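Have a look at this one before I ask anything.
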Amino acid sequence: MTTASTPESAPGAARVGIVMGSDSDWPVMRQAAEALTEFGVPFEADVVSAHRMPHEMIEYGSRAAGRGLQVIIAGAGGAAHLPGMLASVTPLPVIGVPVPLKHLDGLDSLLSIVQMPAGVPVATVAVGNARNAGLLAVRILAATDTALRAKMAAFQESLREQAYAKGERLRAEAAALGAVSGDA
Amino acid sequence: MTTASTPESAPGAARVGIVMGSDSDWPVMRQAAEALTEFGVPFEADVVSAHRMPHEMIEYGSRAAGRGLQVIIAGAGGAAHLPGMLASVTPLPVIGVPVPLKHLDGLDSLLSIVQMPAGVPVATVAVGNARNAGLLAVRILAATDTALRAKMAAFQESLREQAYAKGERLRAEAAALGAVSGDA
Amino acid sequence: MTTASTPESAPGAARVGIVMGSDSDWPVMRQAAEALTEFGVPFEADVVSAHRMPHEMIEYGSRAAGRGLQVIIAGAGGAAHLPGMLASVTPLPVIGVPVPLKHLDGLDSLLSIVQMPAGVPVATVAVGNARNAGLLAVRILAATDTALRAKMAAFQESLREQAYAKGERLRAEAAALGAVSGDA
Amino acid sequence: MTTASTPESAPGAARVGIVMGSDSDWPVMRQAAEALTEFGVPFEADVVSAHRMPHEMIEYGSRAAGRGLQVIIAGAGGAAHLPGMLASVTPLPVIGVPVPLKHLDGLDSLLSIVQMPAGVPVATVAVGNARNAGLLAVRILAATDTALRAKMAAFQESLREQAYAKGERLRAEAAALGAVSGDA
Amino acid sequence: MTTASTPESAPGAARVGIVMGSDSDWPVMRQAAEALTEFGVPFEADVVSAHRMPHEMIEYGSRAAGRGLQVIIAGAGGAAHLPGMLASVTPLPVIGVPVPLKHLDGLDSLLSIVQMPAGVPVATVAVGNARNAGLLAVRILAATDTALRAKMAAFQESLREQAYAKGERLRAEAAALGAVSGDA
Amino acid sequence: MTTASTPESAPGAARVGIVMGSDSDWPVMRQAAEALTEFGVPFEADVVSAHRMPHEMIEYGSRAAGRGLQVIIAGAGGAAHLPGMLASVTPLPVIGVPVPLKHLDGLDSLLSIVQMPAGVPVATVAVGNARNAGLLAVRILAATDTALRAKMAAFQESLREQAYAKGERLRAEAAALGAVSGDA
Amino acid sequence: MTTASTPESAPGAARVGIVMGSDSDWPVMRQAAEALTEFGVPFEADVVSAHRMPHEMIEYGSRAAGRGLQVIIAGAGGAAHLPGMLASVTPLPVIGVPVPLKHLDGLDSLLSIVQMPAGVPVATVAVGNARNAGLLAVRILAATDTALRAKMAAFQESLREQAYAKGERLRAEAAALGAVSGDA
Amino acid sequence: MTTASTPESAPGAARVGIVMGSDSDWPVMRQAAEALTEFGVPFEADVVSAHRMPHEMIEYGSRAAGRGLQVIIAGAGGAAHLPGMLASVTPLPVIGVPVPLKHLDGLDSLLSIVQMPAGVPVATVAVGNARNAGLLAVRILAATDTALRAKMAAFQESLREQAYAKGERLRAEAAALGAVSGDA
């Protein structure tokens, strides 16, 4: 892989586009934005509805790579068509977040996003788990970025430390129930 | 993003690792290999079982980035733990392929792979759709590789042309049923 | 409703467009064509893939009403986006046929088609039941067409007669098992 | 299609009948009425229970076309038989709204409505989405009504504008999280 | 309960009506007939389609009690409306048999039959298990018929004996695998 | 059917036994008791747990017919074994009520009750619908009891009248939304 | 089985290890601890996350038997990998508790735990039912421990007595509704 | 744990009882027997049907511990009551195997077995996976048996070796597709 082949990404310009069908999805989708912020990855966020503004949605997807975006994160619920439609008009990796609606617990959203036909993949994460969409975007960018990968490794180390701390609290609570010390 | 920050990948060395719990998954998973071959992306393939060789599985994931891999594709069925466990020990993007088993039509495989907790994402594709896993790996690598991205765009164009050809055949068949020409 | 307000439909021109993502859906979708043929409703049929030719799909939907189509029937499987996307770019009624794929028995197709957000309805029929899509198109056209409605009423009468004939055969078979005559 | 063949619909008379099994379904089903009101389509609404007044239900369906109705919208929950039974006694298009009950999240309602046998279609919309039933009725009437179709096109344009407005609000919120402007 | 209050049932006249939507359901439903034959309960069998002959279906249910039937067994698949509709027009107990169709494995049939609203029960048996519908009809008639109840008790005893015989065969097979005798 | 063959049921003695695994099921199951009370059918109610008092459960079922019971109604949740186990030790008709628990919305309860093997039927009603279990017991007893059947017919008539009254209220509400009178 | 072959378990040392992915699972999992406490079985409890501290998780499982543990109870939700991964690195019996998360009602957790491939079993209990995990651990230890087995038998007797007491309360409540005494 | 407290198990007497509702379950359940044979654990196998021989089933469970059994493995399908009913009458650990029937793919069997109420656990394994039931029985017995535990550890090691061998074959096949050697 030569330098020349690396797509240009203007300094400070968004590398990740976070889109969703409605601003009502923002409470879920902002977790993707927060994850990107933690890693210092510039992003943009917008409402791009497959069903209410289909022409603009196609336009958004078609222009994404040319504008310098490198990953798209799309959240949608119910008959969730946004991630798959964007994937059909861009060569970029598209991450789909199944947003749970009032009924069916997100199972409809999940199947509508993940069950894409051969040729057009969508990288699907767990129901409502936009934070993981953000982290997956970071991993994707870090696939060819040593510095970002080091940050991800450090982040994973911090997860471990948080788990340790939780273990300490739990052992204290369990001791109150008569638990034996694990060191015994 | 500077050149210096790009992880080293020796010429000809595998950029994608395709792993699965058993060689019985190969008829499904080889479609990922074929997709990578079409795009000229070097890969390796191996049996890495989360449940039968857990230590080696952890080892595989832990060493993957250091060995020059940039993406991991993991296929598994039933209580499918391989993609998620690999994701927990590598900073690389991990793509999970739910392999359908004899019962439950892959729904167990899908949920076991996609429903990862916050912090450790797996990029999940459709049940049994390893081809899309391969294509997603290409998109991920192409996120920062102009030449590969152009190939993906050309591939997408070829999908369109195949669909056109299918349409031509279909219109002929439908005409036999009395269908009016779409141009009328 | 005045004559003036009736959209022009050239004699012999297609009133219904039957579209699907691939010609592999034809064995299912041709049943819609056959139903329309039985009622003398002119139709066209084509491959219009949401994921492989998204621009043409949008174009197809956007131009459908102007070309004289009055109803669209769209069949799709898995993450089935075609019916909903067409509905988003046409004011015509769109009928969706969930095509069952190899896994999940069409449940993914059904949910992907029927669970449309408020604003953009798709008239969904049973999994794999393209014949009913054709019949629904006839009912829609017959809503304002006395002659077609009379044909539909006659068709429903013929269903009754077929059921009678089946009953006769069944009573004979049941008598062999010792069933009492229903007239007794 | 000649003027003569257009079924007579007295000025001001209901063109759409909205029926449901109980007045407890009204909070869901009134959204269909509201949609029709927005488009100026005259409708009637009533309780017609398949299970509590089956004879009257059959009567309602049998007489609907003769009374000048052109579309029927039927909402029901659980073992939801109303839409399908009405469809069996009328040549009119019948739209089914799966009303979610306390348990099973409307999945029972959806399957009971959509899985109709060949010969008798019901145009099914999303669980609890009576607004889309109203909009689908408008599309059906607009299939042969230029003026109504223009209203539907204008409505779809308004959806787009609402989506734009939502996007504006979202971009502002996202900027507070550090999002880059999409224009950058 | 006095003798006078017992509904008249002419000798040899059908006490159970077995109905189904199509003769294609007969291979499943004949098992109900066979069970009734084993117990010497006179029955009739017919095609009564809720969707193809709704008026006759209502008529069948409305007249059933007057004709001397005491139990109705109704089989149906998909959006299975026959059992519930019959229950709405007769005071007789109605037994519903969910007939599995090609897709969804009978789950749609089951939910369409069992999830009846308060007021109108259907006694539902397992998917495809028409034999149990026949046996349930016998139990219902035996609730007030000592002789029939004795036959049912004897039948249950025979089930036990069959199970014993199966056990004997199994122990022999297991011994070949090295199983210890259960008496040891 | 002769008088002699009618099982003796002492005046005032319980004809229906309502049992459940725990008194926590009573809020659901009391609706069965209320239905029986409305029809003047004497009943008993008790806790009979398949899992916590299996010997007594078997005893209860084995003695039920001899004690004069004619129908058993059994409610249970989760791995709901009570209805099926009782059915295996009594020749009486057993009605099963799937009680929904905290998770899975009663789907586990429903399948555990309805999917009985050939030979031992359970008459299953809707999830949580104990009222229908009571009404089904009345229909079963009324199968051979003219007076009770007349009461059931009158009850069904009252359902119709309630539905009418609901319709009246609904039409008034709908008129406020601009609905046309159905008589127009 | 000789004494010599019995694994050493230091007096007072933990015989059961209760682990979970996060301290947020403790409200569910503490019920396992309480059950063990009731039976006087020494236990330890800790956070051991398959995804956040995979190396330590493998270490925990690998060392469990050597440290004197005889049973492991592992709770996890969503893509629940902890029980299965521990089972792959220990010869001890591992009990899995599917912890329900916000969406999908624990169905994902259940399938991710129970559907283990041949070779590596996990003893799975009901969704959210950690108390049963504790009781199962007691039964496992009691398989070769006469004293503990006697305690379990006594516990089962106490369940019966509690059910009796519940029955007494229920009969009183039912009598208020007019229920006949079961002894009548 | 003292020697005195170890339940007596006569040399050669069955330690594990494998039971099932019908000999038609034997092709599935014999895999449990084979696993036990591999580990030299004496077992018995029999038909014990919860629904066809309930009294004998209760008897079997009640006497199991006294006869020297230490673990029970019970397989059942559909409304699978055998494992849970046995667990209610024995203090022994009971392992449940959900046997898949013709419809619903074993989901009914799984839920009927695993969703046991608090107080009476069943150790559930994967749908149709009787081999794992046998291996789980071995782990349970090995919890207090050093020699058996060593065999289990050796067995797990052999799984690893088989996985290696599969990997070798897979790498050869993949090389034919152009895969890079993993060592590269």
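Each chain carries a letter (A, B, C, D, E, F, G and H) given by its place in the written order, and its residues are counted from 1.
To be clear about the criterion, contacts are C-beta pairs under 8 Å (C-beta built on N, C-alpha and C of every residue); 3 or more make two chains touch, one makes a residue touch a chain.
Just so it is clear, the model here is predicted, and its values are computed rather than measured.
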{"item": "Labels of chains that are neighbours to chain B and to chain D", "value": "A, C"}
{"item": "Chain copies touching (chain F, chain G) - same or different residues, decided at half shared", "value": "different"}
{"item": "Repeated interface matching A-G, over half of the contact pairs identical, chosen among F-G, E-F or C-D", "value": "F-G"}
{"item": "CA centroid of chain A to CA centroid of chain D, Å", "value": "35"}
{"item": "Rounded Å distance between chain A and chain E, as computed from the means of their C-alpha atoms", "value": "52"}
{"item": "Residues of chain H whose C-beta touches two or more other chains", "value": "51-52, 78-79, 88, 104-105, 107, 114-117, 119-120, 122, 126-127, 156, 159"}
{"item": "Every chain pair in contact, whichever chains are involved", "value": "A-B, A-C, A-D, A-G, B-C, B-G, B-H, C-D, C-E, D-E, D-F, E-F, E-H, F-G, F-H, G-H"}
{"item": "Chain H to chain F touching residues, read off their complex", "value": "21, 50-52, 54-55, 58, 77-81, 84-85, 87-89, 101, 104, 107-108, 111-117, 119-120, 122"}
{"item": "Residues on chain H engaged by chain G in the complex (per definition of touch)", "value": "1, 3-7, 9, 65, 70-71, 88, 91-95, 110, 114-127, 129, 131-133, 135-136, 139-149, 152-153, 156, 159"}
{"item": "In the complex, chain H residues that touch chain E", "value": "10, 12-14, 17-18, 20, 22-23, 26, 30, 33-34, 37, 42-49, 51-53, 56, 78-79, 102-105"}
{"item": "Of chain A, residues touching chain G in the complex", "value": "100, 105-107, 126-128, 156, 159-160, 162-164, 166-167, 169-171, 173-174, 177-182, 184"}
